[in-house]
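See the structures that follow.
In the two complexes that follow, chain A is the common piece, with chain B as its partner first and chain C second.
Up next is the complex of A and B:
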């Protein structure tokens, strides 16, 4: 199990900074998800670790060994690509065996290890030995191709497994299943794994640790629960889950923030605009006349639209000029409503600059 | 509406189809028909008998030279394009595309100067004492000279076609191989080549047929004696003997050779 460490790693493409002095330590044997929107630098980070990209500055170390200048094959990493990148002219067997053949592993051992790897990803039962030796990737489904790609990566027994949005080409149902399988597999082999994704649900559900990135910078690192429950910035709060974002005005003199037509007490050393965030599933609706008790924040609003989204009814409520979402198990019978949010669930982030 | 649209497209297609019919099919049919005519206009197979008797060796020589040149072009082209695809080198890519802009006659002349008995190549080799200039070997005026010149001239087209095919292979397929330690040659032979096989087959057919029909290079570099390429034979048959019948028969034989390659081309394309 290898500890991966990045120390002040930067990479630019022309004037665009893809990685900005990134410093990060990834626990050995853990599955770390790198999460962020498109263009946040997460794939550049992964490809830098793989050795496909030469970084401009900084160091990348595996267990303290500096690998920054090493070519990909000398880093003992294996990558699973978004498009699987299985060679379409080779059989499943040849695809998986390729890495071993290049390493000049004896043929009998190649066969044993290829079968073991395919067994690990449960492809032997699906294809059978004959299918493995005769079928080519275009004849397989997306989910099957993904398993073969995983087997191809695992067969060389890498020290670090790199997954570049491996589930994004699969349909929703298959994605859910393969996600669980990746988690199960990773726990079994205990290889340090880095999983890049823009899907927050995927990241939170399978990772031991989540790294949230934006604009080439690491914004927050923590366990999925920490990241979800205690986002340290408006960006993280917005990016994770169905969040509502309101703009408020901080007042340092009386330690309050004005938002959505109400004033909340708020310990602040800052003055000026701030972002107020709460989740759709942590708010509830009450009738306009209802009495609300407890340490809660209450906004007055008007339901504009209600959508059934499967697990809940999603209400779109206009508060002043801003629109927020509130999820509840039943559709609200009221048009004019109170949006009730427990005070501790309301996050306030002063706007920078 | 649909009928109007069809009429519109038909109107657009007529000039193009007309040009193909007038400039390609008509001369071809005229030539094919002429190959079955004697000088007095009677139908005969004499022209083909003459071709079989005098030119079988030349036809085989032509196919041999085209195949050998194609082999040189593919060998160098595939390795070069593999290098250019994996590492990228604008200067080398540009240098290899230069022959595209050099006319056939100029290539023929340049190669004649370069490969002649007292040409640049032999002079350089003599400097290091490998050959004696009093009795120099000559690549010019030989089948090897023609092959090298044809390969040189077609290299640019090969680079254009092969590099295009290699570039259409997504980078991740190469990265997957590189991840396991494949160098440029392994990436080329294991990934790029098989994944571009049909494009390469098409490129090969185009170059092969173009080499079969080459004229100015064999005229300038080929020796005056022994076997000749078929287009030279056609030229002599018409210019010096006024024998259009045999020339047409040679043309039809060349056409059949090229169409064999073209059938392969069409099969490859439709298989896609």
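Up next is the complex of A and C:
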């Protein structure tokens, strides 16, 4: 199990900073998800670790060994790609075996390890030994190709496994299955794994640790629960799940924030604008006249639209000039409503600058 | 047998023409093979991440593609002996044909390599393949499947270009035709026969290229 550490790594393309000075330590043997919208630098980070990108400054270390200047083939990593990148002119067997053949592993051992790796991703059951020796990647489905790609990566026993949006090309159902497989495999082989994705559900469900990135910077690092329950910025809160974001005005003098036509008490050292965030599924609707008890925040609003989204009814409610979403199991019979949110579920983030 | 009939001169002198025919075939095969190897090396040189090699590849391609083959042939046969390097007529033809067409092979190979998705290279590199091993086992096999049709057309052109070797007295097909013509003055029949003999080589080659092209197109559609 290898510890991957980045020390002040940065990378620019012309004037565009793809990666600001980034310092990060990844736990050995864990699956770390790097999560962020497209263009946030997550792929740059992964490709720097793989060695496909020469970083401008900083160091990348595997277990204290500096690999910053090493070419990709000397880093003992293995990468799995969004588009599988299997070699179409080789059989499934050769795709998995070639890395070992080049390392001059004896033929009998190659065969055993290839079959073990394919067994691990359940491809032996799907194709049979004969299919493995005769079929070529273009004849396989996307999910099968990605399994073969995983076997090809695992068979060389890499120090670090790099997954570059490996599930993005698969359709929803297959994606769920392969996602579980990746988790199961990773727990079994205990290879330090970095999984890049823009899918928050994917990141939260399979990772031991999540790194949220935006605009070339690491915004927050933590366990999936920490990231989800205690986002430390409006960006993370918004990016993770169906969150509502309102703009409020902080007042230091009376320690309050004015938002959506009401005033909340709020310990603040700052003055000026702040974002107020709560989740669609943590709010509920009540009639305009209803009495509401407990430590809650109540906004007055008007339901503009109600959509049935399968698991719930999603109400679009106008609070002042801002639109928020509230999910509830039943459609609200009222037009003028109270939006009720437990106080501890409302997060307030002062805006920087 | 009547004493003289149309084409008799060709039938009577067929062994001579066939001698030239074999030399044309040999010259074509040998220079094709050399140009294939040389062109592949230069095609790869044009895309490696090492600038001096890339520049060399570019200069090679631009120089040999943009000067007439006939001049390169004369340079080898008449020019180099002045510098103390002497090639036989056949060797001069062989090398100039190979070097000239290697420039075109290089361009085809480069285009083929560049049409292979970047992920193919990266997958191999991340799994421990060196740059050259990746080229040899992953990229070039796929690139060649793509460039077989253009290479086929190139080798048809090369085959026809071997006729230039007659200018430095290589005893290939056209040269033997000229010899026969100067002896018999039966120009029409002789050059018709020579033309047909070239077609005997180029038409099957062209048909083969078409066949391969159709196969590849079908394989490309995944059928």
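Odds and ends about this structure:
As a convention for this text, the second predicted complex is superposed on the first by the 353 of 353 C-alpha atoms of A that agree within 3 Å, B and C clash if a C-alpha of one lies under 4 Å from a C-alpha of the other, contacts with A are read in each partner's own complex, and residues count from 1 in each chain.
Everything below uses one rule, namely that a contact is a pair of C-beta atoms (placed from the backbone, for glycine too) under 8 Å apart; a residue touches a chain by one contact, two chains touch by 3 or more.
Bear in mind the structure is a predicted one, so any value in this text is a computation, not a measurement.
Clashing of chain B with chain C is the outcome of superposition onto chain A. In the superposition on chain A, contact of A:138 is made with chain C only, not with chain B. When the two structures are aligned on the shared chain, A:16 is found in touch with neither chain B nor chain C.
Looking at the superposition, the partner that touches the larger set of chain A residues, chain B or chain C, turns out to be C. In the overlay built on the shared chain, the residue A:99 is in contact with chain B and with chain C. In the superposition on chain A, A:351 makes contact with neither chain B nor chain C. Of the residues of chain A, those at positions 50, 52, 71-73, 77-79, 81, 83, 85-89, 98-99, 102-103, 152, 156 touch chain B in one of the two structures and chain C in the other.
If you check the complex, the residues on chain A that touch chain B are 50, 52, 71-73, 77-79, 81-83, 85-90, 98-99, 102-103, 152, 156. Chain B meets chain A in the complex at residues 170, 172-173, 175-182, 186, 190-191, 194-195, 197.
Within the complex formed with chain C, the residues of chain A that make contact are 50-52, 71-79, 81, 83, 85-89, 98-99, 102-103, 138-139, 149, 152-153, 156, 162.
On chain C, the positions that touch chain A within their shared complex are 117, 119-120, 122-131, 133, 137-138, 141-142, 145, 222.
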